[in-house]
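As written, the chain order gives the labels A, B and C, with residue 1 at the start of each chain.
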Amino acid sequence: MPDAPNTPAAKPGSRLRKLGLVLPKPPTPLGPYVEVNQVGSLLFLSGTLPIVDGKLAFTGRLGENLSTEQGREAARLAALNALALVQEHLGDLDRVKKLVKLTVLMVTTAQFLEQVTVSDGASNVFVPLFGPELGHVRVVVGVQSLPVGAPVLVETIFEVG
Amino acid sequence: MPDAPNTPAAKPGSRLRKLGLVLPKPPTPLGPYVEVNQVGSLLFLSGTLPIVDGKLAFTGRLGENLSTEQGREAARLAALNALALVQEHLGDLDRVKKLVKLTVLMVTTAQFLEQVTVSDGASNVFVPLFGPELGHVRVVVGVQSLPVGAPVLVETIFEVG
Amino acid sequence: MPDAPNTPAAKPGSRLRKLGLVLPKPPTPLGPYVEVNQVGSLLFLSGTLPIVDGKLAFTGRLGENLSTEQGREAARLAALNALALVQEHLGDLDRVKKLVKLTVLMVTTAQFLEQVTVSDGASNVFVPLFGPELGHVRVVVGVQSLPVGAPVLVETIFEVG
């Protein structure tokens, strides 16, 4: 009998395959910076956006022209772009121990109140891969604007095993 | 003669007791994440809010329906919630060496100018515990919105001794 | 023949001198915090502002009363203030291995779209010093307000060699 996706012994790469998750093409820098930087066991990533096939899947502002559900999907896509960068950098997601910290930045109106639901779209990408016993801390912020009109940006720090 | 609260030899836990600071009940996650994550000697925390007895003590926007003094008190409460998480995670604050980095995020109007004063409400919780010789770096930002309508969020990274 | 500024063997301090870059007087804290904090090989800095001769070179909002080019210059100045802090803390920039992570926060209108260009003003300070082979990751955010009316704040984490 195969391991269930959330068996502690399973590794992130094999969990990804069992979940049938297909990662996008990893994003490339928009300026003179790099997408991934390792110091000791910490892997710092540049902010990732909800990009599919090289284009933003959403633009705009939550509470104005984007729904909470669209924000949640944007957060999911930004999280997949982060995973694509890690896989490209390490060659194999199995070398990742866990996501340490997730920051979800989203463009909102002054009245928007669904920041937590939107952020769950990103967290829900990571939890099945690393298991609930290796969870991430999270910071969630509603901002004024993000690069190239993106509604959501995901900032991540991983631990390499 | 007992040690003064800011004697270098005193430890954070005993300083806390001498200051008579009572920590709130530690907050619990609002989604699929964890509140504390340790990698090596770094302790990363999720964002903490000005919560007292399980409820937000303030909601709103600085410069609109909240005064600078209320923001300062909100920052103080958010900082106490962070300490409560550290104490819960480590069992004892004496195992903390120092606060490494504090980020204070606050919901403001476009015209608000008292970000530094508000942030001091959080810094002033930590300085007497770790001593001025073990200070923290600080980043201060005025944002558009924060989770569940909170006016202030405190983001912290501690060093474990 | 002397090393070109981007020769891998050149060190940041000598590259700085070859580039003729003059660092400003390092900023001092606006509250009870410190400007630099080292944990292991990581050097965390407080947010730095576009300060020249002890005063903000710009105030305001990008897309409103500040142009993209002014924002880019503000980001450059904030980055130089970060380098001044590192040099003051370490005594010599040659002890820095690289900039690990750069976060550029800027006050914008809701419609502003030139966040990347503004941020390049900060990245372009660091790339010639550490070389393109030791790049930094980057997070870019448009915010509502920053301390003391500054339009740009730069947040940095360096690695000490």
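Throughout what follows, a residue touches a chain if its C-beta (ideal position, glycine included) is under 8 Å from a C-beta of that chain, and two chains touch if they have at least 3 such contacts.
The shown structure was predicted, so the numbers you read here are calculated from the model rather than taken from an experiment.
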| item | value |
| --- | --- |
| Graph class of chain-chain contacts, one of line, ring, star, complete, other | complete |
| Superposition rotation for chain A onto chain B, Cα-based, multiple of 5° | 120 |
| Whole-Å gap between the CA centroids of chain B and chain C | 26 |
| Residue numbers of chain A (touch at least two other chains) | 40, 143-144 |
| Chain C-touching residues of chain A, taken from the complex the two chains share | 29-37, 39-40, 44-47, 61, 105, 143-149, 153, 155 |
| Chain B - residues contacting chain C, complex | 40-42, 98, 100-102, 107-113, 115-116, 119-120, 123-124, 127, 132, 135-144, 157, 159 |
